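These notes open a run of structures that come right after.
Here come two complexes built around subunit A, the first alongside subunit B, the second alongside subunit C.
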Partner chain A sequence: MENRPLEYDYTVAKWFMLTTVVLGIVGMLIGVILAWEMAFPAVNTIAGSGLAEYTNFSRLRPLHTDAVIFGFTLSGIFATWYYIGQRVLKVSMAESKFLMFLGKLHFTLYLLVVVAVVGSLLLGITTSKEYAEFEWPIDIAVVLVWVIWGMGLFGLIGIRREKSLYISIWYYIATFLGIAMLYLFNNMEIPTYFASGGIGAWYHSVSMYSGTNDALVQWWYGHNAVAFGFTVPIVAMIYYFLPKESGQAVYSYKLSLLAFWGLMFVYLWAGGHHLLFSTVPDWMQTMGSVFSVVLILPSWGSAINMLLTMKGEWQQVAASPLIKFMILASTFYMFSTLEGPIQAIKSVNALAHFTDWIVGHVHDGTLGWVGFMIMAALFHMAPRVFKREIYSKSLMGTQFWIQTLGVVLYFTSMWIAGITQGMMWRAHDEFGNLAYSFIDTVAVLHPYFTIRAVGGTLYLVGMLLFAYNMYKTMTSSRRVEESELQNASPMGA
Partner chain B sequence: MDIATFQAYGYFFFTAFLVVVLYAYIYHLYSSQKKGTRDYEKYGNIALHDDITDQPIEEISKNDEIKK
Partner chain C sequence: MFHWLEKRPFFFAVAVFVVIAFAGLIEILPNFAQASRPVIGTKPYTTLELAGRHVYIKNSCNACHSQLIRPFKSETDRYGHYSLSGEYAYDRPFLWGSKRTGPDLMRVGNYRTTDWHENHMKDPAAVVPGSIMPAYTWLFKNTADIDTAYAEQLTVMKAFAVPYNKELPMADGSKATVALADTVEAARASALEEAKVIAADMKDQDVKDAVAAGQVPEIVALVAYLNSLK
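And now, the complex of A and B:
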């Protein structure tokens, strides 16, 4: 045993890869059910009226968002951290029993929190704050999980061999710090049972903020959860996986540093765009708009850097479905970081606010950018952690095209639906009477809701293909040698 | 001056200050690369040469020894 050469230890990474796939399927399945419920309301009671409490839109909606954000995405972030972290710091988890213990504890507690979240949300126990629905006992557990991850993260950095922190590590550190700050402040809450001397349920709480302040803190959190959950860690992934898979170093390392600080500087101020035309002070709304537009620069800085990394190597995009996933992810990142600022312009927002266009924007970002990048990351990791080639290249290609079609159907239908909705809501006659009632818009939107449901279903089908491909890779693919794992991932036909 | 006006001025000048810092950072990155003080682009290789047996781009212990 003593003479065995040192190797990276991917135990914890593997566990998180598993939860990424499982929770991804769960979250996306619920999303698809919700989409069909929107198109055909009868689906709300599909399991019978006795179970309608558990299958209706309002009960399932937070379960969908939280499963894809805190289940699929967060698992993906942790899985890639436990993979990339060791490699770019050139230190193995096996070198520290304590870090290994922290990693395993991190995963175990994370899994317990997932169970608590799913259970409580299904039972309808919620604080009713969007993306922050968990009640205070779960919040405390979440903080614990986060602190343990942080200890592991900084612990690994502390024993590294590589002096300079690769750009991805900067992004993981920012994810840790950003989410810690946001989560703590937005979830400041008072347990009512203890504050009132025994009234109500023990787990119930109310926010420490109220009215406009509550809205402001909530959207400072909500928008930056997108920043530090859907942007920063996913950029960390692409900065590692695209260069590694293509064998090309980042086009400009200086630009990556610059885009990092630009993103950190600008993102935190943009959340006000969620509260345009509300009771929030006007200057704050303007600030939200302006910073959202400025945000195009650092976002595109990273995305263009990724596309330029492929300079002279574009044949790889045609040849490798894995590179295709990453290039499309990067393109969708550019696309949604242009779309978001456009929606944040006050005059555009007057039309877009509360419409399906916003839902479309979120999904071209999450399905096209976050989803594609996380799946690409897992595809790249699989041969290295399981020492087997990716089971099927053609299945991967099929998945890519099915999902791309799904995303395109999703966002185009939501664009049309959203703009139609916005136009109908504001239409009026010469006396100022509204031209349409709400139900008129619902009737008009029905075809687009159906197209959206089809698009979502296609994406879910792709996710199932992904899960099958990963399962076969893990269990029955051809074994590979270390020498085959340098850059492009080995794939079976 | 009431507190709101003070906040607004404070906010404006702080933002302007951070913009200057960001631009100074850009200047620093590109000028130190040009002068040869530091080659930032070599750090891109950290991702490419990341086997545990690979030589680190900048070894942590070596640098510490130089400092001594």
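And now, the complex of A and C:
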């Protein structure tokens, strides 16, 4: 073999970077619209009453969740895979025409699915299951996209030069397997058009499971889609990008082993915490609750491993906005994985369930952990992929503080809103009657809804700054040499 | 062992799969052995009610309204008897929701009327001052998809033995039967008959005209569904 560094081919990674940014903006913009609709209901008809069907809260809500999960986050996962995969396996996509073809096919089909999802959700074609709203034709396409990704993933692993799989690869493999299993089982459905001999809408289907069983499968999926979409692949990213950017070795290999296998085993049990005090059997609720608390261990294992990786190098946090993003991401990961188990304790859940506190929890995890980590990953990748320095360090710093403020406003307001509403729902007067009518408990939330909308808007503003910075990096930033790309990413002023 | 696994992606993947599939096997499969059995008094949905349920899903009503009453005094005081597993036996998909931006609707049929829903869907804040629910005016214009509802009824009857056209025990000791038409034309006709009863309680002239002309507006189907939630 020739003695020269490998030339990695980032074509597919670049494409997914683009969709990460674009779908991130779309998904978050919809989220911001939803937030303002809750604070000021008149926003529901912002495009006129004729189009209200397509701009009102309930029609847009699934589009928001799916755009940020399957648009922004999943694109980020794929973009980083097509970057990290080659580098830690020491093999270039360009070495295999077949893998290159699969990668491009993967992206193309993914894009088609995105278009189909946006169209169908706007029209109200949905199965109603959260994060699994797609009807059967789209489900089949999703499975196809996933299988193609899996073929590419294992194909690249198959031709690797570095025989030991780096930690990030473990997590990508787990992402692939986890989502595949969950998605298939949760979307078992019968197309009614074919079952009834050609009556009604061709795309409609009915769930194979009913009532309590359906709920059980759905939240086994729903909770673990979070595990294998918002946790596992994001951990894969931080295990690669933080050591790379900081030039520090991962603190503990044993801790990474413990955290990985612990997370794999424990996470799947915890889905029951979405169903506390529901009609699923009591023992499952208790298992969900107990395992949610145990889940703190592997979650904090990864997060602490990352923080300790910075041991003796904390000045980098002050010096580099990119390191800031990743350190705050792992801090939010710790925070969110402590908050989740607290909410899964039965007595706390009795208060928190159905309230905005849950919404707050989701968003400190997604905005603080997932969002920050994906953006940090893209910032680190950009100079290596485009061979240009990051356009502006100060803009990056500004983005960091705007978004941090946004996240803080978001979750604090939702804490107050959730706990306030939960307490009001259960309040009784001296005669044992309910103290508040339902609408009382809605009216009181207005200030917190407004603060949340401001927080979300700030995060979106940061996202736009991010997009601008990336665009300038791609098009007009100073070109860099390979030698500048060792550890800390080169940044312009 | 881990060093060995790390160099063998196939066995590594198998190990991961076993570890993650384990919980599902233990937690989820046992419940299927005793699949949801209906409680006395639970009936499958009629064609119009099911079409209404589709309208409910189409507009993601479940994004803001739960259908799950937890066994707390504060909930049973507000919404009625806590939910029982068997009451959901015919719910495909389940619609418990995960957020109560608005109140629970599990038993809304017990305390709201057709008339109330009509006014409320047109202008929620006029009925409940301070409401942040948007108006759903298009429900009065769009036509409900009766055919798809009928197709779903046929499907669940064939695939899951949902007891249409069978006598079912009611809570008061009587028997009730939910009829399922033989043909799609007959299903449309029976849905229209149901719709006429609902429309008679409504004021909107466009809705009345549509029903008179043989059409079923979405609002009529939705109200039929909401009234069935008891």
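Just so it is clear, the second predicted complex is superposed on the first by the 485 of 493 C-alpha atoms of A that agree within 3 Å, B and C clash if a C-alpha of one lies under 4 Å from a C-alpha of the other, contacts with A are read in each partner's own complex, and residues count from 1 in each chain.
In this text, contacts are C-beta pairs under 8 Å (C-beta built on N, C-alpha and C of every residue); 3 or more make two chains touch, one makes a residue touch a chain.
Please read these numbers as outputs of a predicted model, since none were measured by experiment.
Taken together through their common subunit A, the two structures put subunit B and subunit C side by side without a clash. In the superposition on chain A, contact is made by A:Tyr239 with subunit B only, not with subunit C. Once the two complexes are laid over each other on the shared chain, residue contacts for A:Phe265 go to subunit B and to subunit C alike. In the superposition on chain A, A:Ser92 makes contact with subunit B only, while subunit C stays out of contact range. Look at A:Arg478: by the touch rule set out above, it reaches neither subunit B nor subunit C.
Once the two complexes are laid over each other on the shared chain, residue contacts for A:Tyr8 go to subunit B alone; subunit C is not touched.
When the two complexes are overlaid on their common chain A, residue A:Ser164 makes contact with subunit B and with subunit C alike. Touching more residues of subunit A than its counterpart among subunit B and subunit C is C. In the superposition on chain A, contact of A:Leu257 is made with both subunit B and subunit C.
Of the two partner chains, neither subunit B nor subunit C is touched by A:Lys346.
Once chain A of one complex is fitted onto chain A of the other, the partner contacts of A:Trp220 are limited to subunit C, with no touch recorded for subunit B. Our angle of interest has its tip at the CA centre of subunit A and reaches the CA centres of subunit B and subunit C; in the overlay it is 110°, to the nearest 10. Minimum C-alpha separation, subunit B to subunit C, in the superposed model: 6 Å. Overlap of the subunit B and subunit C interfaces on subunit A comprises residues 163-164, 257, 261, 265. Put simply, subunit C touches subunit A in their complex at residues 2-3, 6-7, 9, 12-13, 16-17, 19-24, 27-28, 31-32, 35-36, 54, 57-64, 66, 68, 70-75, 77-78, 83-103, 125, 128-138, 145, 147-152, 154-156, 158-160, 184. On subunit B, the positions that touch subunit A within their shared complex are 8, 18, 22, 25-26, 29-30, 33, 40-48, 50-54, 56-61, 63.
Contacts from subunit A toward subunit B in the complex involve residues 5-8, 87-88, 90-92, 160-164, 166-168, 239-240, 243-244, 247, 249-250, 252-254, 257-258, 261-262, 265, 283, 487. Put simply, subunit A touches subunit C in their complex at residues 37-38, 41, 44-45, 49, 52-53, 56-59, 61-62, 124-130, 154, 157-158, 163-165, 170, 173-174, 177-178, 181, 185, 190, 192-193, 195-197, 199-201, 204, 206-207, 209-218, 220, 257, 261, 264-265, 267-269, 271-272, 274, 277-281, 284, 287, 291, 350, 353-356, 358-359, 425-428, 433-434, 438-439, 442-443.
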